[in-house]
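Consider the two complexes below, in which subunit A is the common component and subunit B and subunit C are the respective partners.
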Partner chain A sequence: MTTKNIGKPQDRVDGKLKVTGRAMYPGDRRMENLAYGYLLTSTVAKGSIRAMDTSGAERTRGVLAVYTPFNPLKLYRGLDSSEGANSGEIQPPLQDARILNYGQIIGLVVAESFEQARDAAALVTTQYDEDNPVASWETGMENAFTPEAVGGESATIKILSEGVSSIDDAIKDSPVVLDATYREPIYHHNPMEPHATTAVWQGDRLTIYDATQGVVAQRLDLAAVLGIDEDMVRVLCPFVGGGFGCKGSMWMFSPLTAAAARALGRSVKTILTREQMFTLVGHRPALIQRLTLGAKPDGTLQAVKHDVRSTVSFSKVFVEAAAHRTSRLLYKSTNIQVSQTLVPWNVGGPTFMRAPGCAPGMFALECAMDELAAKLRIDPIELRIKNNAEVFPGKNVPWSSKNLVECYQLGAQKFGWSKRNPEPGAIRDGDWLVGMGMASALYPAHRSQASVKVRLQADGTAEVSSATQDLGTGTWTVLAIVGADSLELPIEKIRPELGDSALPHAPTSGGSTSVASVTPAIQRAAESAKRKLIQFVLRDKRSPFFGMRAEDVVYRDGKIEGGGKSADFGSVLTAIGRGAVEAVEMAEPGEEEQKYAFHSFGAQFCELRVNRWTGEVRLQRITSVMDIGTVVNLKAARSQIIGGIVFGIGMALLEGSVLEEKTGRYGNANFADYLVATNADVPYVDVYFIDKPDTIFNPLGARGIGEIGITGMPAAIANAVYNATGNRVRDFPILPEKLLPLGLNQPAISMALR
Partner chain B sequence: MQLPADPPPDHEDGSSRREFIRRLAAISAGLTVAAPLGRAGTVTEKSNLQGEPPKTDGAEGLIEIILKVNGNTERLVVDPRVTLLDALRDRLDLMGTKKGCDRGTCGACTVHLDGRRVLSCLTLAVMAQGKKITTIEGLATGDELHPVQAAFIKCDGFQCGYCTPGQIMSAVACISEGHTGSDSEIREYMSGNLCRCGAYPNIVEAVKMAAAKMKGEVN
Partner chain C sequence: MRPFTYESPSSVLEATNPGHPDSAFIAGGTTIVDLMKLEVMKPPKVVDLNALPMRGIEMSPDGLRIGALEKMSDTAVHPEVAANYPVISEALLKSASAQIRNMASIGGNLLQRTRCGYFRDVNTPCNKREPGSGCPAIGGENRMHAILGTSSSCVATHASDLAVALVALEASVRLQSGASERLLTLDDFYLLPDGTPHQENQLLPGELITEIRVPRLPWATRSTYLKIRDRESYEFSLTSAAVALDVNGDQIRDARVAVGGVGTKPWNLPEVREALTGKPLTLETFVAAAKLAVAGAVPLKHNAFKIDLVQRTIIRALIKLGGLA
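Moving on, here comes the complex of A and B:
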C-alpha cells in the first residue's frame, strides 16, 4: 500500500467518456425491437377512477398496448428497508382504481416510437370520483401521527439533567430564551437526468438498464414486484445522471415497464418527463420546525428543544429526521429534547434528499443559534465553540475524530470573519445592503458491508470491481485511486468496474457511504490477490520464483521480487500460463460502532448583498472548511462540497415546490418555475479540508463527503441576509418579496435597532 | 469594508433569463399540441426553404429528410413531429445529446446549427435540414479532444456528466461569441445550461482556460 495517489487532485477516469458524449446512461440504450413507454398519470389528487377511454389511443398508428387499472399488468408489493431493499412506494400501480396523489401512475402506453406513445397518451380520457385532497398544514393536522421510530430511536428523545422534570422546566429556568419557528416547502431533487429504464428480456431473464443509486437493492426490489427470482434479474447502471436521493429507491414505473416488455415480447424504454419527476420519484417533505433554546447570559446552553412536523404521503411512512440528526447531538446542553410528528398529505411518496434530516434540521438549528447569539450579543462562532460537544450527548461516547473547533477557526481566518459588523444593516454599498453569515455543517458517517473483486491480469492491468455506483460523486476514480495505491500501480493500469448487479455486492450509494464502505474492501481484496499471486509463482515450474520460500518473495510496486530476481506480475502470469489471479473480499464495520460516534463536521461562511429596492439577494463569496477524514481525490472532493453548497443556495433562495391546496397539483413542475441555481447565481467558492484521517472509522480514514456540503449553507445564507438587512426570514425560500420593503428612507437601520 | 473586485452580476440580466425561459416553455407547449395538426404547414414551409418538397410516405405519414450531422449526410424517414433531439438520439444513435426537460428550460440538449447554439428539443428535425449540425460527438478531432473538452476534464467542470454535452456545446459557442471578458460575463452566458451537481465554478474555470488556449492558437 502506497499513498502516491490518495489525497492528490486527480482527473476523473471517466472524464473522457463524459466530455465526448460516449458515457451511456440508462436512457441511452438502443437495441433491436425497442418500443417506447409513456406513462399516464392522474389529474386529481384523491378519489378513484370511474372509467377510462383508451380507444383513441389504441387506434393510433404504432401503439402496441395501453395498460390501465382496467387492463392491468400483474405486479406485487414492493419491499421496504427491513427486507433489504427500498421501494419508494410499496403498493404497485394499476392493481386498483384508488388515487392517492396527483400525478400518480394510472397507465402505460407502449408504441413503436416515442412520438406515437406520447401523442396516444394524450388521447386517453379518464373519469374520476373525486374527493377533496389534503394538501395543506391546516387540513393535514387532523391526521397527524407520531412515527413508531425515528432512525431506530424513539420519536421523542429526552436527555435531561438529574432533578430536571421536563425540558419545559429547563427552558423556564433559563435566563435567556430563544423561541422560533422555521418553515420550508417541499423540495424536489430534480437531477438533470430524468429517471429512465430500458427493460430487455431473454426468455425468463431480465436485463434492465435503470437509473439507480443502488443496483443490488434495485435488483431485489424489481424481482419482488415482478414476482420472479432475483437471480433472473441483472441491473446495469454504469452512469447515473445525478441522484441526490431520488434514485436511491425503486419507483414503480420501472417494474411496470419491465412487465410490459415481458407481456409484449419487446424491449421497452420508459423515460419520465420533467413534470412526472415531481410526482413519481419522491421529494423532501415540507417541514415546520420549532426551536427553543435556553441559555445562561454567557451563552452556555441549558435547554435545546427541537420539535419537527414533517409531511408524508398516505401510502408509506417516511421520516425527515430533522431534529434527531441535528439538535440531538450538535451542541453540549444540559437538557435536550427532540421530537417528531408526521402529517400526511395527498402527495407522492417523500424520500431521502441530499443530507436527509440534516439539511432542514441545520437550517432551523443554525438560524436559531444565530438568533440567540444576536440576543446575547455574543459572536456566533464564540457561542458555538462555547457549546461544542466533546462527547455524543446522552450516550457519552467520544467521536472517532472531531475537529469542528478547528473548522470554525480556520474558516473565520480564511473568510475574514473579523471584518463582519455584528450590527445588522450597517454595511451599505450604493443600493446594496451587505452582510456576512456562518453556520456549522454536520453529517453522520456510516459504512456498511461491501465486497470488491481485485483481478491482476496477464496484460499487466488490474481490474477493481464492485456493484457500487458513481452518481457523479467520483466512485469510478476512487476505485482507480485506491486500487492503484493498494496494488502499488499507476492509475492508468487500473480498470475499474461498477454499476452492475452481477459484480460483488456493495451498498446503495446514499447517506455518503460508498467510499467509506467500498475502499476497505478494495484494500483487503488487493492484499488477498497479492498473496494468491505469490502462491502461484512459487508453485509453477515456469515461474522465475519457482521453489523459493514464501517469506523470501514479496510484491512491491507491481513487481514480484525475491532471490535477487524481479519481474512485473503481468509477465510472470504470462510465463506461468495464467490469464489472471483474482480475489474477492468483504469488509464491514466492527465493534467500533458501539464505542464511538461517527460524524463529519464543517463550518460554512458567506458574504452576500441584498438590493434595497428589489430585495434580490446576490451571493458574493463562500468559504467552507470541512472535517471529513482522509480526502481521497482532492479535485472531486472539492467539487462535491461545491455541489452541496450550490444545492444549499437553491434551498435557501430559489427552490420550493408550490402545492396547490385545492387540487394537490404542483403548480411549478418544470425548470422554468421551479428555480434551481444557475451559473450566475453561484459566486466564487473557497473550500478547505482539515484532512485528518479517521482510522477508527475505517482503515483509509475516509468518511463520506456527498452530503455535508449542503448542510450549513442555507442557515449561513439566512444569517447573512439578517446581518445585511435586519430581516429574519424563517420561511424558506428567502424570496425578494419576503424582504420588502427594504431601504426606503432608513428602515434597515431602524429594524436593526428595534 | 473591502469589497470583492468582481462586481455583482446585474440582476436585470438574471430576470430576463427567467423570462426568456418562460417564453420558450410557452412556445414549446404550443408546439407539442400543434405539431400533429399542423403537419401540412410544416411541410410547406420546409419546402419553401429547401426549394425541394420533402417526400412523404402516404401510408405511414412519414417524411424523408436529409440532415448534415458532424460532417456526415444522413437520410431519414421520420414522423414530422420528431424533434432534432429525438432524431439525433433515437434515429441516428447520437446519444451524447441529452434530454433534461424537453421544454427548452435546461440546456442539456444544446447543439450547434451553422455554429450557433440551439436547443435541439425545441427544434423540429425537419427545420434543421440544410444546416450544418454539430453535436458533442463531432467536437473532437479523432482522439484529440477539443480544448473545451480538455479543459472540462482538467477543471472538473462536471460530476454526473449528464448536462456536460450541453454545457460544452454552450461553452464553445460562448467563447466564439466573445462572451468571456470576465467571470460574471461567462456566468451570465453559461446560465442557460443547468447543472444540478453544482459544477458551475469549475465550468467558469474551464471556459476561461479553453478561451485562453483557443486565443493562443488563433494568434
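Moving on, here comes the complex of A and C:
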C-alpha cells in the first residue's frame, strides 16, 4: 500500500464522460421495442377514487395500455428496513382506490412515445369521493403518536444526574434558561436528475436501469413488489445525477413500470416530471423543535432538553431523529433529555434527506446555543468549548477520534472571528447590516459490510469493482484512488466498476457510508489478489519466478520482484497464459463498535449582509473546518462540503415546500417557485480539513463526508442574521418579510412607514 | 400538449390574416411552449413570428424604438438603451436567466402570462384560464400575489419586469392587424382584471405588437430598476421599482415611478411622481411620496408584507438615484 494518491486533489475519472454527455443515466437508455410510461397522479389528498374514464386516452394514437385501480397490474407490498431493504412506500399503487396524498400514483399510461403517453394521460378524467386532508400542525396534532423507537433507542432518552428527578427540575435549578421553538417546512431533495427507470425483460429475467443510491437493496425491493425471485433481477445504475437521500429507497413507480413492461412484452421507460418529484419520491419532514437549555452563569450546561415533533405520512413511518442525533450527544451537560413525537399528514412518504436528523437538529441546537451565548454574554465558541463532550453522554465511551475544539480554533482563526462584534446590528456598510455567525457541524460515521473484487489483468490494468454507487459524490474516483494505492499502480491503470447489482455487494450509498465501508474491502481484496498472483507465478513453469520460495518473491509497485528478477504483473500473467487473477473480499466493522462512538465534526462560519430597507439576506463568505478523518480525494472532498453548504444556504434562506392546508397540494412544485440557491447566492467558500486518520474506525481512517457539510450551515446563517440585525428568526426559511421591519438601526424615518 | 399546426409567414399582413380564431403567435417560445406543455394554452394553430421584419433598436429625436422581435439580451446591452435608459437595461438583466433572455423577445415579454401557480396548474380552478371557475389564490397560497388592482375574480400579478420600466417611462406599443395600425400607451394597453381576468390587454385576435416606443427623456440617464427577491438571481420579483429622477441641486424637478410584483398590471404611480416633483431631495420627501404607492392596497393572507416592502423598495431606489445613501 502506498499513499501516492490518497489525499491529493484528483480529477474525477468519470468527469470526461459526464461533461461530454456520454455517461448514460437510467433515463438515457434507449433500446429496440422501447415504450414510454407516464404516471397519472391524484388531484385530491384524501378520499377514494369513484371512477376513472380512460376511454379518450385509450383511443389516442400510440397508446398501448392505461393501467388504473380499475385495470391494475398486480403488485405486492414493499419491504421496510427491518426486512433488509427499504421501500419508500410500503403499499403498492393501483391495488385499491384509496387516496392518501395529493400526487399519489393512480395510473400509468404506456405509449409508443413519451409525448403520446403524456398527451393521453391528460385525457384521463377521474372522479373522487373527497375528504378533508390533514396538512397542517393544527389538524395533525390529534393523530400525533410516539414512535416505537428512534434509531434503535427509546423515543425519549433521559440522561439525568444522580438525585435529579426530571429534566424539568434540572431546568428549574438552572440560573440561566433559554427556551426557544424552531420551525421548518417540508424540504424536497430535488436532485438535478429526476427519478427514472427503464425495465427490460428477457423471459423471466428483469434488467432494470434505475436511478438509485443502492442497487442491491433496490433489487431486493423490486423483486418483493413484483413477486419474483431476487436472482431474476439485475439493477444497473452506474451514474446518478444527485440523490441526497431520495434515491436511497425504492419508489413504487419503478416496479409499476417493470410490471407494465412484463404485461406488454415491451421495454418500458418512465421518467418523473419535476412536479411528480414532490409527491412520489420522499421529502424531509416538517419539524417543530423546542429547545430548553439550562446553564450556570459561566456557561456550564446543566440541562439540555430537546423535544421534536416531525411529520410522517399516513402510509409510512419515518423518524427525522433531530434530537437523538444531536442534542443527545454534542455537549456534555449534566442532564439531557431528548424526545420525539410523530404527526401524520396526508403527504407522500417521507424519507432521509442529506444529513437526516442532524441538519434540522443542528439548526435548533446551534441556534439555541447562540441564543444562550448572547444571553450569558459569552462568546459562542467559548460556550461550545466549555461544554465540549469528551465521552459520549450516557454511554461513557470515547470517540474513536474527535478534534472538534481544533475545528473551532482553526475556523475562528481562518475566518477572522475575533473581528466579530457581539453587539447585534453594530456593523454597517452603507444600507447593509453586516453580521457573522458560526455553528458546530456533526454527523455520525457509519460503516457496514461491503465486498469488493480486485482483478489484476494481463494487459496490466486492474479492475476494482463493487455494487456500490456514485451519486455524483466521487465513488468512481475513490475506487480508482484506493485501488491504485492498494495495488501500487498509477490511477490510469485502474478500471473501476460500480452501480451493478451483479457485482460483489456493498451497502446503499446513504448516510455517508460508501467510502468508509468499501475502501477497507478494496484494501483486503488487493492484498488477496497480490497473494494469489504470487502463488500463480511460483507454480507455473512459464513464469520467470517458477520454483522460487514464496517469501523471496514480493509484489511492489505493480511488479513482481524476487531472485534478482523483476517483471510487471501484466507481462507475467501473459507469460503464464492467464487473463487475470482475481479476489473478492468482504470487510465489516468489528468490536470497536461497542467500545467507541464514531462521529465527524466541524465548525462553520459565515459573514452575510441584510439590507436594512428591504430585508434580503446575502452571504458574503463562508469558512468551514471539517474533522472527517482521512481525506481520500481533496478535490471531491471540498466539493462535497461545498455541496452541503449550498444545501444549508437553501435550507436557511430559500427552500421550503408550500403545502396548502386546505388541499394538501404543494403550491410550489417546480423549480421556478421552489427556490434552490443559484451561483449568485453562494459566496466564496473556504474549506479546511483537520485530516487526522481515524484508524479505529477503519484501516484507511476515512469517515464519510457527504452530509456533514450541511449540518452547521443553517444555524450559522441564522446566527449571523441575528448578529447583523438583532432579529432571531426561528422559522425557516428566513424570508425578507420575517426580518421587516428591522429591529435595529432603523432610521427614524423608516419607523414612520409602519 | 395538444396537437397543433404550425406556420411561419414572412409578412405581417400574412401573419395577422385571421385564420383560426384561437391561433397563437410564437416568438421566443419561452412562455408559450411552457404553457402548452402544461396544457394551460391549447392553440390549434401556432404562427411563428421569427421570419417577420419586426426588428431593430434605434434612437431618434422622438425617443427609442424597439422592434418586437428583438431579444431581451440584445436589448439589455444595446448601447443606446444602456446609456439613455438604464432602467430598461437593468429591468431586463434582472429578468429570468441568460439562456432565457437569449431566446425571449421584447414583444413576448410584454405578453407573458402571470406566474400564479393556480393559473399554471390545470387541475385547479382559475378565472383567468377558465372564466367563472373561481380563484383559489384568494384563499390559498398568495405570498407572490398582487395587492393593487385586484378583484374578487383575480389577484395574479403581471410578471414582466420590463413592462414596469416601460410603464414608468410612458412607453407605447404599436399594434398591427392586417393593414390597420394603432399606437397605445402601455399603461392603457394592459387591463385590470375586474370580472374578466382572462382579458389581460387590448390586443385583438390576430393582432401583433410590432414595436415599442419609448418617449425621449434625457434625464432618464438617472434611472434604475430595483428588484427585491428571495434569491439573488433567476426569480420573479417580490416587489420592484422602476424609478427615474430629474434632480436640480437639492430639488427634485421631475420623476417617474412604477412598481412591479404588487399589481395585477405593471403599476404606474403618477401620484408618487407628483409628490416628488418640486420637492427637496430628502429622505422625508421619499418616504412621504412612497406612502402614496399603496393607497387602496388590499392585502391577502400571505402577502400583506408587500404593502411595507414596496414602499421600502421605492425609497431605496430613490436613495440610490438621489445619492443619499
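Of note:
Following the convention adopted for this analysis, the second predicted complex is superposed on the first by the 743 of 754 C-alpha atoms of A that agree within 3 Å, B and C clash if a C-alpha of one lies under 4 Å from a C-alpha of the other, contacts with A are read in each partner's own complex, and residues count from 1 in each chain.
Going forward, a residue touches a chain if its C-beta (ideal position, glycine included) is under 8 Å from a C-beta of that chain, and two chains touch if they have at least 3 such contacts.
Owing to the predicted nature of the structure, the values given are computational and were not obtained by experimental measurement.
Set side by side, subunit B and subunit C differ in how many residues of subunit A they touch, and the one touching more is B.
After overlaying the two complexes on the shared chain, residue contacts for A:N611 are found with subunit B and with subunit C alike. Using the contact criterion defined above for the overlaid structures, shared-chain residue A:G726 touches neither subunit B nor subunit C, since it reaches no partner. When the two complexes are overlaid on their common chain A, residue A:I645 makes contact with subunit B while staying clear of subunit C. Using the contact criterion defined above for the overlaid structures, shared-chain residue A:E115 touches subunit B and also reaches subunit C.
After overlaying the two complexes on the shared chain, residue contacts for A:P380 are found with neither subunit B nor subunit C. By the touch criterion defined above, A:K635 reaches subunit B but does not reach subunit C. Of the two partner chains, subunit B and subunit C are each touched by A:A677. Once both structures are placed on chain A, subunit A residues 115, 119, 611, 614, 616, 618, 672-673, 675, 677-681 are touched by subunit B and, in the other complex, by subunit C. Subunit A makes touch with subunit B in their complex at residues 11-12, 14-25, 27-28, 30, 61, 113-116, 119, 189-194, 239-244, 271, 273-274, 416, 419, 421, 427, 429, 432, 434, 471-474, 607, 609, 611, 614, 616, 618, 620-621, 635-636, 638-640, 642-647, 670-673, 675-685. Per the touch definition, subunit A reaches subunit C in the complex via residues 43, 115, 118-119, 122, 430-431, 611, 613-616, 618, 653-654, 658, 660, 662-663, 665, 667-668, 672-673, 675, 677-681, 733, 735-737, 740-741, 747, 749-750, 752-754. Contacts from subunit C toward subunit A in the complex involve residues 1-3, 39, 115, 117, 123-124, 139-141, 143-144, 228-236, 238-239, 283-284, 287, 290-291, 305, 308-309, 311-313, 315-316, 319, 325. Taken together, the subunit B residues at the contact with subunit A in this complex read 1-4, 6, 8-9, 11, 13-14, 17-18, 21-22, 24-25, 36, 60-61, 79, 81-82, 86, 89-90, 93-103, 105-106, 108, 135-137, 139-140, 145, 149-150, 152-154, 156, 158-165, 168, 183-184, 186-188, 190-191, 193-204.
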